[in-house]
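Note that chain A is present in both complexes that follow, paired respectively with chain B and with chain C.
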Partner chain A sequence: MDQVLDIATTILVFGVAYAMLLFIISVGLSITMGLMGFVNLAHGAFAMVGGYVTVKLVTPLGIPYLLALVIAFMAVAAFGVVMERLLYRWVFDRPELDHVLFTIGLVFISVFAVTGIWGPDPQNIQLPKILQGDLNLGVKSIPVYRAFMIIAGGAIVLTLFYGLERTRIGAQVRAAVDNRRMAESCGIPTGRLFTVIFALGSGMAALGGGLGIQILGGLKPVFAFEYLVIFLIVVAVGGLGNVRGTFYAALVLGIIDFAGKYFLPEGGGFFIYGVTFIILLWRPQGLFGKAQR
Partner chain B sequence: MQKVSTSLILAGTVALAGAAEAREYRVGFIAPKSGGAAQLGEALERGARLYIKLHQKDLGEHTVKLIVRDSKRPGGPFAKAAAQELIAREKVDILGGVVFSPNAMSIAPLATAGKVPFVVMNAGTSWITKLSPNIVRVSFTMWQAGFIMGEHAARALGCKTAISGYTNYPPGKDSAAAFKRGFEGSGGKVIDSIPMGGPRNAPDFTPFFQRVKDKRPNCFFVFVPGGNHAAAASKTYVALNMKAANIKFIGPGDLTHDLQLQSIGPAIAGTTIAVHYHADLRNNANDAYKKAFAVEYGAKAVPDFVSIGGYDGMAAVFAVIKAAKGGNITAEGALKTLKGWTHDSPRGKIMIDPTTRDIVQNIYIANVVNDNGILRHQTIKTIPGVKDKCKELGIGRCGK
Partner chain C sequence: MSDATPSPAATELLRAHRFRLIELLPWVVAIAVYFLFPGYRLMATQILVLILFALSLDLIVGYAGIVSLGHAAFFGTGAYAAALLANAGWQEPLTAVAVGAAAAGVLGYVSGWVVLRTKELTLLMLTMALGIMLYELAKDMDEITGGFDGINFENSPILGLFAFDPLFFTSNYWYAFAFLLIGFLVVRLIVHAPFGQSLVGIRENDRRMHAIGTPVRQRRRHVYTIAATIAGIAGAIWVQVQGNITIAVYEFEMSGNILIMVILGGAGRLYGAFIGVIVFAILENMTETVLGTDPPYWELLLGVALVLTVLFAPKGLLGLFDPFVHRLRGKAP
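For the complex of A and B:
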């Protein structure tokens, strides 16, 4: 019995910590897809840039990790606005194939730019003392960093939920995701709304990139490609534009992925795809997505 | 008419005098130059180029041209295409390089068909040398370090149970099998063996390592390719605080690869590895090598076992070129030179076993120690003249 509890704690703690990371990075992608029908495959590149900004602030400059995360969030959010105004806006009204080609091109550019500037080797950071070591839960000890991920992720989830459900801009976003043309007719400036959401989503991705360095085994230039599939899966399973759905999808997939690899190291990594397959057969629009209008 | 006959005579003279004329020998060199393992390709090439630079004079008027091609990924296709191009179009005299085992395996049939000698400078899966009679390996075999680590873990480290974790491709399986044989032959018990993803991108090792932590073995033997994977795996060991759970971290030298050692952090001190070369080896050849390496590539550049593969590999190539005396290099001639070839390497004396065409060398057991903030490898035991155990015992594909 003790052993069962022990393993269950492991799966839950590590799975949820990973799920939080998936959610933080994917949520921006989900909303931009739901809001504008825009397929931003370069979303992972923003996460990667955020990770590099964090690393470079912490290691050579000696800025505290948590502060570096905040700076990365703001810097990449601002960078997102610039990119959106300068580049993305030109392809919004084009067909989806153009979105895909344009953003995958951006991924290639980002990978080569990052390799060129910082080299192909993985980047690591030394965590602050308070985030190192173990936390004794009674049942078993878990790494402090995982606990921190869960708490920080939980706080971000609650803030987002609150923001979307209770604020004016949240209501506007929900309305625009539901029916963009109707929302526009009611005077909601969807263009500007999109800029704000795009910035927020990019910033969140950057935050995820910074938080994930320790969990994903170092930060590499291939990050933008390596995890793209996972982010897209989370968004598809959750339902486009649905924050709650993205959260539950991240939770289900994060836990299943960890459990799969833990129990069946050989082939456990494929569980996540099997689950995605079944869920999408059952609900092609995703767990919380609306059926095709 | 006059012109034609002159050039004919000239051609004839060149052909006759060929042996005495300065000749450029072309060496095809295949290594990862892009992607996650570019660091390993760079190390291999640095070793090779350093040898050429230091020993060019030994060849007299002949010269060596390294023709480098990118193997891109650990898998076969790109390396194979590169080898094909090097043999057919570039007409190389010798093939060399190769970091990953699947690269070498895909090239082997071409070395046979093209009758080109192929000097493997890193790839360590034991049965690679079985794939072509034209292969000579100067690097190491997974069985050399794995088997010895298994014996050491059971006898000296006092481990009764162990778990092995390995990157799921041929050298990983080889390494885990070698460890099991050595460990269980000395009275230990391997209670679990965990494949940990493929060699291309370093995975998140947490699920695998946490599984090990929960099973509480005395020793945790890990094979991952050097470079990225090594850093990520060692970091995970530290992050999960496995040392506090009394799980000893052991493996072949990739685990605390010199190129990554400092970035892993001081918590990795106490790890034990079995390896054929680490930068802290003390001997005259290594002192000279480290000095030359620093002069050539800067004081911050770290020599590692991959660079030694390139360095000694080029020494083997030079031996073949010297034996050719300005004439053509044939696979038979090259193999004749290299079978039984000995060399005073920075890793100690090495020899090519005349029957297996594989390397015979010292294996060192080393501990990672924290020397005033700098991590170093401290040799605690030297096992001299180690042959490839896999072929000695005729296990699996090594026996065929």
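For the complex of A and C:
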């Protein structure tokens, strides 16, 4: 019995920590997708840049980890605005195939840029002392880093939910996701709204990249390709543009993925796809997506 | 009715599927390359097979408007079916191609039921997930698939007459050539047939096609299955001409690159697949020999090329010539 409890806690703690990470990175993708119908396959590249910025601020410059995360968030958010104004806006009205090619092109360029600037070797991060070691909960001890991940993720989730449900800009986002044309007719500046959301989403991705370096097993220039499908899965299963749905999808998929890899180290990476196929067979629009047509 | 002259629009339609002299050009080039550049036969053979693969993807992306980022799932399945069959002792190559085609076709039909129910991002993600799932599976079952190291296998001579030649790629080249020619003719027939025309209609406006009574879902499933089958054939030939297989046939890179080749050349126009594959392969080869791979200049070039293609040449490289062609046609009687 003790053993069962032990395994269950491990899966829950590690799975939820992973889920939080998935949510933080994917939520921006989900909202931009829902708002503009824009398929941004380069979203993972923003997370990667955030991760690299964090690593490079912490290791050679000695800036505290948490401060580095904040800087990475702001830097990448600003970068996101520049990209959106300069490049992305030219392809918004194109068919999705163009979105796909355009953003895959950006991912290729990011692979080159990151290799050129920071080299091809995997990067890891020296966590501050306070985040190392284990946290004793009496019954079982869990790694502090995972606990921190869960708490930080939880705080972000609550902030986002609050912002979306209770603030003016949140209401505007919900309206625009529901029906962009109608929202525009009511005087909501969806274009400007999108820029803000895009910046926020890019920043969140960067934050996720910085937070998750250890969970994801280090950073590599091909990061954006490696994790692309998992972010897309979370968004699609959650329902496009649905923050709540994205959160539940991240939770379900994060725990299932970790459990799969825990019980079946070989072949466990397989589970998450099977679950995805079943969920989307049952609800093609995602768990919480509105039915199309 | 029969003696009436068809209207100009009808003439255009009647003329669309007629063979033109210029369509001989790629085949003449392919024959010339064999004799002029014997040192590049491996690459040339690979290009021929990739064109067939690209044509199959063009059917669904360019004609039916189904954007797939996981077409390697079918390529790899055809490849593994053919390779494992040869490895198990059945060394006749043509039956192995048929088995590969059937395996990929069944996978296409079954996965089409799930994948084609969805649209846009979800569809894209599911095609990609299928490809990566099979890659993971092949990686885990490395006792059977050979994993990263791969397996080597041998095939008996084609039709019992022409032995595969791993050194000079003689019969291998013509083997790929023949399959490409047949495959091309089949695809050309499909896109000009009413079936292919209805696909274009579905791509442009699926609701209207539905309204005039076209079985939209069924058509999409059918073309998806056909494309999967042809991709399976391409996969089977790909490994047969090289005599070995690794899990690279299932890699995401394969799916991504083939999509890029189709778009680069121009989707939905048959010959785009030819141009796209050739330009892609030659540029990749040249960049990596001239500039090297560290830092990855090829990725930079590819990325920039994609961004520029989307911004300035949405119809692909062949599309750039459209204004000239139209002007020429306009002047012709």
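The rule we apply is simple: the second predicted complex is superposed on the first by the 292 of 293 C-alpha atoms of A that agree within 3 Å, B and C clash if a C-alpha of one lies under 4 Å from a C-alpha of the other, contacts with A are read in each partner's own complex, and residues count from 1 in each chain.
Simple rule for what comes next: a residue touches a chain if its C-beta (ideal position, glycine included) is under 8 Å from a C-beta of that chain, and two chains touch if they have at least 3 such contacts.
Everything numeric here is computed off the predicted structure, so don't read it as measured data.
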A:P120 touches, of chain B and chain C: first, second, both or neither? both
Touched partner set for A:P128, first chain B, second chain C, both or neither: neither
Partner with the higher number of touched chain A residues, chain C or chain B: C
First (chain B), second (chain C), both or neither touched by A:M33: second
First (chain B), second (chain C), both or neither touched by A:V91: second
First, second, both or neither for A:F277, with chain B first and chain C second: second
Which of chain B and chain C A:E266 touches, first, second, both or neither: both
Chain B versus chain C as contact partner of A:P189, first or second or both or neither: neither
Doubly contacted residues of chain A, that is, touched by chain B and again by chain C: 120, 266, 269
Touch list for chain C against partner chain A, complex: 61, 67, 69, 114, 117-122, 124-126, 128-130, 132-133, 136-137, 140, 252, 256, 259-260, 263, 267, 294-297, 299-300, 302-307, 309-311, 314
Residues on chain A engaged by chain C in the complex (per definition of touch): 33, 37, 39, 87, 90-91, 94, 96-98, 100-102, 104-113, 115-116, 120, 221, 225, 228-229, 232-233, 235-236, 240, 266-267, 269-270, 273-274, 276-277, 280-281, 284-286, 292
For the chain B and chain A complex, residues of the former touching the latter: 34-36, 38-39, 168, 194-197, 201-208, 210-211, 214, 227-228, 231-233, 235-236, 239-241, 244, 263, 265
Contact footprint of chain B on chain A as seen in their complex: 6-7, 10, 14, 18, 120-122, 124, 126, 133-134, 141, 143, 145, 214-218, 220, 222, 226, 258, 261-263, 265-266, 268-269
